[in-house]
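Note that chain A is present in both complexes that follow, paired respectively with chain B and with chain C.
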Partner chain A sequence: MIALAGRPVRWRRVGLWLLGWAGLGVAALAWQLAASLSHSALVPTFASAAAYAWHLLTGPVLSADLLPSVARVLVGFGISAAIGITVGLLVGYYRSPREWTAAVFDFFRSLPTPLLIPVALVLFGLGGTMVVAVIVSAAVWPVLINTANATAGLEPIVVDTARSLGLRGPRLLARVILPAVSPQIFAGLRVAISVSLAVLVVAEILGGGSGIGYYIENAQQSFQITGSYAGVLVLCLLGWMADSLFLLAERRLLAWQRGVVGGGDA
Partner chain B sequence: MPEAVLQMSHVGVTLSGQDGSVVEVSRDVSLALAPREFVSIVGPSGAGKTTLLRAASGLRRPTTGEVSFDGEPLTDVRAGISVVFQEYNKSLFPWMSIGKNVAMAARHLPAAERASRVADALRLVALEGMGSRYPWELSGGMQQRAALARALVSGPRVLMLDEPFASVDALTRGLLEDVVADLWERSSFAALLVTHDVGEAVYLSDRVLVLSARPSRIMAEVTIDLPRPRRQTHTRRLQRFVELEAEVLEFVYKAGRGSAGQGS
Partner chain C sequence: MAGGVAVSIGIWELVSATGLANAQALASVSATAAAIGEHAGSLASAAGQTIEAWAAGLAIATAGGVSLGTLAGRSAVAEASTETLVRMMRPLPSLALIPIAILVAGLGLKMTAGLVAFTSFWPIFINTRYGVHQVGRLFLETARTLQMGRATLLGRVVLPAAAPLVASGLQVAVSLALVVTVSVELVGGTGGIGTYVLDAQQGNAVADMYAGIVVGGFVGWALNRGFAELARRVLPWANRLEAAS
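So, the complex of A and B:
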């Protein structure tokens, strides 16, 4: 019985997975066709861009530009997560700091990030520190705002229960509030990842001194058209990997939540 | 009469909303809970029963008056008082197994003793061996029994119950009432139950206090002289039970009419 019932589900999953890859294949094919039909020097074929991308991943560009970019994203995202979660919990839980920080946060949050790059360049100069600072200035907000809103909107009964169990202060925040709002924190972190990647590229183009954004900009300036397309492909790959890893972590850490929302999988 | 384990003297609670509105929920509530006594507070909806229980448990400070526990003023939550809330589905932590939920209330104990206490508490509420399950894997009645186990694992002197059976079906409710009655008879805690269900209050209690409409005060006290142990199939059919239930109900209706006269 179980084997029979389990089989169609598993095959459906494999089917969906194959369908996803088939979609990517069709997109690559369309690119290939369009590029070869246009005969334009400005649009390389998918095959040549992919081959170039492989060359980037295996050549000296890997350590010169790619790894620094990955490190910047990781550090910037990590700092954003740490600040966003900590400050978000405090601001969400305690009412008076929430009131006097709301306006300040709203102000900084609505600043367009590229606007901060010239300032960051003055403060930190060219290079990694500047890029990380700019990433943090943008990626901290989705985490902080999500955490603070979820904490402030938490069912009072959750806090009452924890308090009646004798939990207070930092322990109450870490052992009850943090897990209780972790689904919303994860939603914020996921946004922060894609924000980090987007800001990374902009900051590197404007003054990274190295990195994948810097590489793409350079390739384009020196008419290495295929190179800049390849850079974009590598960046896509990076984003996809980050998101996949993230979903994997989320599924593990929030496994309890699948039962709570009533879904669960078959 | 032995000295009260929990005493409320002239307690009044005024709530102020974020929009500046001020509501006087209760005014001048006094009661004394003797050790091992079972007392229920019933009242019309909106009489501030939950607010009163939060004040009694130290979760909030009363605006006026005083609460004392064991002869000392109660200004915050403290060990010795356990609370079971109405919404067990929100009060059990969903990210922890049942066993860990219960262990939260015994976390000051050394690991070995904690484990055996948790197992004992789960056995008391007939959830033996369910410690590794997660709350969502359990039925409503089982979840509320788990919440009871968590409240009792620390060996409280006072157990406070806030409409604990309001969100389960009638049959489960009867069964849970008997679980509480049985635990209370076998242990040594005093119980303070807040409910809108007059039958439940009469069935479980030694004394029933009737709350007036807002701002509430205690308008009547009925001593329940039904024999123990009480059992659903037996106790609720007694002539005396029916009389007492009618008596309390009359007070509650009187209180309800009072609130209807005052407007919302």
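So, the complex of A and C:
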């Protein structure tokens, strides 16, 4: 059945995908038109910003600012994921730590984390460590909260059945709990990537010493406004790549899950 | 719950009293409390400024996100043609626009609110689009057999059914908007809690810096909680629908 339905569905998907890029093209065209009609020195055309972005991707800025930013995001995101999943599982599984930490986690999750950048500046000075610390302080929450909520919300019968079948401790965790909550963990991780990229930029503007945020700010201060726009374009591309890779990984790793939950329309 | 808060405050005091953390980086609980008391006036006005920009931006984003999201969710073509754009905007590089926005629009409430609106537009738009898109076929066909007009269909069936997802988009936007507001205040020095904290740090007033952070945290907490409570009151069917789907 699936094999028979494959072809038209695939063509339809290609069509929708093309439409998506056409939509992006229209947005770029609108920018181009608006910029060339306004003749403002503050708004370069899309074409010149894109050309400049290409220049960034192929020039020395790549290794000076872009790669450090990517490394900071990867490290910060990795630490956030490790802490968030571990603590989230613990807090979700055991009731008393959950009750003890609820109010405190609620506060930190609501705290607009860029406010912690000045603290990070005092603690770590300018540079990469500070940026990574800021990323972790922001990106750990979506992972932690999602993992904890999903674990706490598991049907008791799932855990009880596994227990009565003799699964305990790490095996219970690896075989039953982790797979059951993995979709929510992935949802949290996806948010965490966005959050990482967002606070990365602010942290780098305020004291990164290098990086794409530093570059964007610097270009603005030296009146190379096209450079700032180009930096934003590069960042868009980076975010899109991260998100796409992420969806791909999710589809691979959670493929078994689609049939089980019955979400065939997604 | 109160116990957890007390323990955390205890740990905070212990860390600062034993000198585990650099005194330049961590003020004691009592010093922070004293700073909050001493500067209550300026903290309150800073919080007010932050909330003002937050509210203005969020209002624009809500109006735009819900209306455009509804339009895009009703048609498969509109949905597909906004997909790539959304995928690029969703990872939220909007904070990178701060330097550009400062140059183009100048420092001020308008710029902050504009940037907040632009950033928080996306989660609202995405969730509304998805919420409208996934309204059950059963609902729509039932409405059709009842011969509802387009406006009635939208107002009585589609929007109420999409509302829980719209609300969760708004919930994201509520905290995102605050992050953007504070970030602009930090980078641009436009007043508000962000500027308060950065000024305190640059003036080496550590207790003052923590006073600002604590107040900012409470503002965030109150706005989040307030919205969640509002959504629960206005959309009593939200939980039931989520449980059903």
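General observations
In this text, the second predicted complex is superposed on the first by the 256 of 266 C-alpha atoms of A that agree within 3 Å, B and C clash if a C-alpha of one lies under 4 Å from a C-alpha of the other, contacts with A are read in each partner's own complex, and residues count from 1 in each chain.
Keep this in mind: contacts are C-beta pairs under 8 Å (C-beta built on N, C-alpha and C of every residue); 3 or more make two chains touch, one makes a residue touch a chain.
Remember, it's a predicted structure, so these values are computed and weren't measured experimentally.
Three-chain overlay on chain A, with chain B and chain C fitting side by side and no clash.
When both complexes are overlaid on chain A, the residue A:Gln220 reaches chain C alone and has no touch with chain B.
When both complexes are overlaid on chain A, the residue A:Leu62 reaches neither chain B nor chain C.
More residues of chain A lie in contact with C than with the other chain of the pair chain B and chain C.
Contacts of A:Ser164 after superposition: chain B is touched, whereas chain C is not reached.
Using the contact criterion defined above for the overlaid structures, shared-chain residue A:Val43 touches chain C, although it does not reach chain B. By the touch criterion defined above, A:Leu172 reaches neither chain B nor chain C. Judged by the touch definition given at the top, the superposed model places A:Ile79 against neither chain B nor chain C.
Of the two partner chains placed around the shared chain by superposition, chain B is the only one that A:Glu155 touches, whereas chain C remains out of contact. Once you line the two complexes up on chain A, you'll see the smallest CA to CA distance from chain B to chain C is 14 Å. Taken together, the two complexes place no residue of chain A in contact with both chain B and chain C. Touching chain A in their complex are the following residues of chain C: 1-5, 7-8, 21-22, 24-25, 76-77, 80-85, 87-100, 102-104, 175, 178-179, 181-183, 186-187, 193-194, 197-198, 200-201, 206, 209, 212-213, 216-218, 220-221, 223-225. Note for the complex: chain A touches chain C at residues 15-17, 19-24, 26-27, 42-43, 99-104, 106-108, 110-119, 121-123, 193-195, 197-199, 201-202, 205-206, 212-213, 216-217, 219-221, 225, 228-229, 231-232, 235-240, 242-244. If you check the complex, the residues on chain B that touch chain A are 54, 57, 59, 77-79, 81-83, 85, 87, 90-91, 93-96, 104-105, 134, 136-137, 150.
Contact residues of chain A toward chain B in the complex are 155, 157-158, 160-161, 163-167, 176, 179-180, 182, 256-257, 259-260, 262.
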